[in-house]
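Quick one: the structure is below, and I'll ask about it shortly.
Note that the chains are named A, B, C and D in the order they appear, and that numbering of residues resets to 1 at the start of each chain.
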Amino acid sequence: MSKLRVAVLGAKGRIGSEAVRAVEAADDMELVAALGRGDRLETLVEAGAQVAVELTTPASVMGNLDFCLRHGIHAVVGTTGWTDERLTHLRTSLAASPETGVLIAPNFSIGAVLTMKFAVQAARWFESVEVVELHHPNKADAPSGTATRTAQLIAAARAAAGCAPQPDATVTALDGARGADVDGVPVHAVRLRGLLAHQEVLLGGEGETLTIRHDSLHHSSFMPGVLLGVRRVVDTPGLTVGLENYLDLG
Amino acid sequence: MSKLRVAVLGAKGRIGSEAVRAVEAADDMELVAALGRGDRLETLVEAGAQVAVELTTPASVMGNLDFCLRHGIHAVVGTTGWTDERLTHLRTSLAASPETGVLIAPNFSIGAVLTMKFAVQAARWFESVEVVELHHPNKADAPSGTATRTAQLIAAARAAAGCAPQPDATVTALDGARGADVDGVPVHAVRLRGLLAHQEVLLGGEGETLTIRHDSLHHSSFMPGVLLGVRRVVDTPGLTVGLENYLDLG
Amino acid sequence: MSKLRVAVLGAKGRIGSEAVRAVEAADDMELVAALGRGDRLETLVEAGAQVAVELTTPASVMGNLDFCLRHGIHAVVGTTGWTDERLTHLRTSLAASPETGVLIAPNFSIGAVLTMKFAVQAARWFESVEVVELHHPNKADAPSGTATRTAQLIAAARAAAGCAPQPDATVTALDGARGADVDGVPVHAVRLRGLLAHQEVLLGGEGETLTIRHDSLHHSSFMPGVLLGVRRVVDTPGLTVGLENYLDLG
Amino acid sequence: MSKLRVAVLGAKGRIGSEAVRAVEAADDMELVAALGRGDRLETLVEAGAQVAVELTTPASVMGNLDFCLRHGIHAVVGTTGWTDERLTHLRTSLAASPETGVLIAPNFSIGAVLTMKFAVQAARWFESVEVVELHHPNKADAPSGTATRTAQLIAAARAAAGCAPQPDATVTALDGARGADVDGVPVHAVRLRGLLAHQEVLLGGEGETLTIRHDSLHHSSFMPGVLLGVRRVVDTPGLTVGLENYLDLG
C-alpha cells in the first residue's frame, strides 16, 4: 500500500516538531515537507503532499488553509482562534473544493476527547456531577479551559434532559471549599508539583459512583490523535470540528 | 399526570423488597401489587398493573412473563438464566402482543452498564487495556462475572477494529502477577475487607491514560436502573436486552 | 485466657448499638453491661466491668468518667466536647486513680487516624500539598472537620520544618476554583450522591506524587478502633488523647 | 552561608547527568567535580569536595568509597549490588574515619520510600492488604522489585504482630486472577502504555479502606532525595542504609 504523503506546517514549534517525529515514525505515512515561518507554501505542491498538518498561528492559519484547499490538500488543524466568521469563510472555500477534507480539533488527545464525550453522555443519569482537574503549579488559569468546557457541556446535557439541580445541603462553608460554579457544576482545581495535566469527572447516584479520569503524563499524548486525523481526513470531505467525530462512537 | 401502576414480583426477596421501597418512593409511580412466592398472578390484573418488575427465579420467570404478555402488562426483568431457547420463546409470545414491552437487564446498575459501554467504545483507540476489579473478601469467584464480561467485550471490539496485540515485554514474572488472561485482556481481582463491588478499566496510549471506574458502595445502586426501566418500557414495545439501550447513548 | 469484661454507656444510640454488637462479636471480650439514659451506673460495678466504652453526650460524660475512675474502671471515650477545663479536671481525677487508663479518641477510624498521621509526616518533604474530601450531599459543612483538621496539622508541620509557601502560578481563576485556604493548604470539598465519607491528601514533588486516601464506606468503620482501644487501655494508665498513640507508629 | 561542595561520580550516565543538573540548580550547593569513567579520583581532593554522589557501577563503587573515606569525603550512594560482605568491608573502613558519613539508598524517591514505610506501619491494623503496581509495557519483570519488596515488608510486619491470614473466600478463579502471592500478600502488575512507574498499597478493614499510592511521572523524581541525602550525610557520621532514616519519621 502506498504511504500517505504528509506535510507539517509550523514544524519548528514545540508541537510541530513532535508532529514531525510522529509522522516520520508512522509506518503508513511519509513526511514530504516540514515548513517553518517564511518557507514557501508551493513546497507542499512540489512535494506532492496529500495532507497538511496545520500547527502554526491564528495569523497564518487562514492563508495556509486557503492555499491547501485551492490545491486539494486535506488539512488537520490544531491551530486555535476559530470564530464564526472564520468558520463561515472556511466553509465557503470548502464548497469550491468539495472533495477536500478539513479537521479542526481543539484537542488532539484521544483520552481527553473521550472523557468529555463520556461525561456528557453519562451526566443526565446521575444526581450529582463534579469535575476535579489537577495540573502542575506553573499553570496560570484555574480551572483549566478543558475542565470549564467539560462542565459547560455537562450542564447543557443535564438541562436538555430536564435534570433537577444537584443535591447539596451545605449550610456552612469556607470560601472556595465547594469549588467554582460553572453553570451549576462544581469544578475544583488542584495545583501540584510533579503533575502534568489530569482531569476527573465524578458522577454519583443512589449507592454508586462513576469516575472518568484522564491523565496526560507526557506532552506527546496528542500525537496518536494527530495521526488518526491524518488517516481519516482523506476520506472525510468537508469540514469536521472535533476529533470525537472520527472515533466511531455510534 | 397519572402515576404509573407498578407491581413487583419476588417482592419478599432482598432485591425485591428494595424494589418495593424504590417504587413506593418514586413520585411518578404507584405500587399496586407486591407478590411473593405462591401469590396469585391474577392480582396483577385486578390491581390494574401496567408494569411488572420481575425479580423471581429462573424457574418462575417464564410463566410470569407469559401471564404478563397475555394481559398486556409490560415487564422489567432482572431474573437471570436466559438461554437462546428462552429468548426465542419470549419473542414468539411478544409477537402476539405487539404493543407490550419487555426489558431484560443482566445488570441494573447504570454505572456498571455505562462503564462497560464506554470501555468497549474506547478500547480500540488505546494500545493497552487492563481490568482491575475489587470486591469484599467473601466473594467466591475471581474475577467477577462483570469483569470477565467486560474484558470479553473489550477483546471483541479490539479484534473487530484490527488492533494489534497489547505490548508487554515481561520476560520474568511471578505466577499470577500479570493477572488472568481473558481473550488477551489482563484482569486482576483484588479482595479487600471493607469493599463492596468496584471495577476499573485502565486504557493507555502514548503519553496518556484513560480510567473508567465504577464503585458500587451500597446494594441499592441498581434501583435507579429499575425505575428507569419501568419508565421506558411502557414506550418501548418488543424485546430489549440490556439497560444500555434505554440510555440514549446515540 | 479470660475475656475482657466490657460495658457500653450510651448503648441505645446509633453508634452505641454498633459498639454493643462489636463487643459481643469479639472473641476476647464479654459484654457485661449495656446502659442507656437513666440506667444506674452501679450496674458497672455489680457486673464487674473492667472497661467502659463511653458513647453518651457532653452533658453526661464527666459524671460517668468520675464514677468509672472512683471504681478503677478503664474508659474508652468517643463522646466529644472536650475543653481544656474538662481535660484538667479529668487529669486530676486520674491522679487519684493512678492505675486506671482513659483513652479519648476524637476519631475511632484507624484509617482516618493513619491518613492524618502519615500526611503530617510526609507534608514537609513535598513542595505541594492539597486535601480533597468527598462526602454525601446531605452534609451541612464544607470542608469536613476532619479535612480542616488535617490541613491545619499539615500546615503546622510545614511551618515547623521551615517549608517555603506552596508554588502556585494562578493569575486568573474562577471564584472557588482553587478551594478553601486553610493555613495555606488548599482544601476542596466534593458532594456526591452515593458517597459516604472519603478523604485524599495529595502531595507533589519533582516528578512524583504521593496520595494518601481514606474511604469510609460504612459507618461500622470505627468499630475496630473501639475494640483496639478497649484492648490497649487496660495496659495504658493515665490519659491518652488520640487513637494514634495506640498504633505503635514508632 | 557557604555552599556544600559536591562531586558527582558517574556523571555521564543518565542518572548521573540528572544529578549534575540537580546539584547545579540547588541554591545551597556547588558542583565542584563531575567525574566519568577513567577520570582521576584525586580530582575530588583537589576540588575540595565535601560530599560525593556515587552513581557508578558495582564494579567501581568499593574503590571509589575507599578513596572517599580515606580523604574524609562523605558519600551518598545510589549504586546497587550491596552484599553482606561489602557492607562489612564498608563498616570497617568507616571505623577508621569516624566523622565521615555514608548513605546507601536503594531508592532515592521520597514518595516511594514513604509509601513503603507507611504501608509497613499500617499493615498490621487492617484485615486485608494487597499491592497493585503499574508500569510502562517495556518493563521486563513483574511484579517490580519495589512491589515485591513492599509486599515482603508488609508480610513481615503482619507476622511480627501476629496477624491472622488475610480473608479470601475465592473458590473458583481463573489462573492469575488473584495476583502473585508474595509471602501471603497478593501483588498485581499492570502494564500500560503511557505510564511510567506507579504503586498502590490497598488496606481494608471493617467498613473502610486506606490507600497509599505513589506515582512516579518523570525520572527526575529521585533528585530531591539525592539532594536531601547530600544535605544530611554531612551531619550523620557512620553508615546509614535507606533514605527513610533521614526523613524524621519518629
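The definition used in the following text is that contacts are C-beta pairs under 8 Å (C-beta built on N, C-alpha and C of every residue); 3 or more make two chains touch, one makes a residue touch a chain.
Owing to the predicted nature of the structure, the values given are computational and were not obtained by experimental measurement.
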{"item": "Partner chains that subunit A and subunit D have in common", "value": "B, C"}
{"item": "Winner on C-beta contact pairs when A-C is weighed against C-D", "value": "A-C"}
{"item": "Intercentroid distance (Cα basis), subunit C paired with subunit A, Å", "value": "46"}
{"item": "Subunit C-subunit D separation of Cα centroids, rounded to whole Å", "value": "33"}
{"item": "Residues within subunit B bordering two or more other chains", "value": "126, 194-195, 203, 205-209, 215, 217-218, 221"}
{"item": "Category of the chain touch graph - line, ring, star, complete, other", "value": "complete"}
{"item": "In the complex, subunit B residues that touch subunit C", "value": "194-196, 215, 217-218, 221"}
{"item": "Sites on subunit A touched by subunit B in the complex", "value": "109-112, 114-115, 118, 121-122, 125-126, 203, 205-224, 228, 247, 249-250"}
{"item": "List of subunit D residues in touch with subunit B within their complex", "value": "126-128, 130, 132, 134, 137-143, 148, 166-182, 186-195, 202-209"}
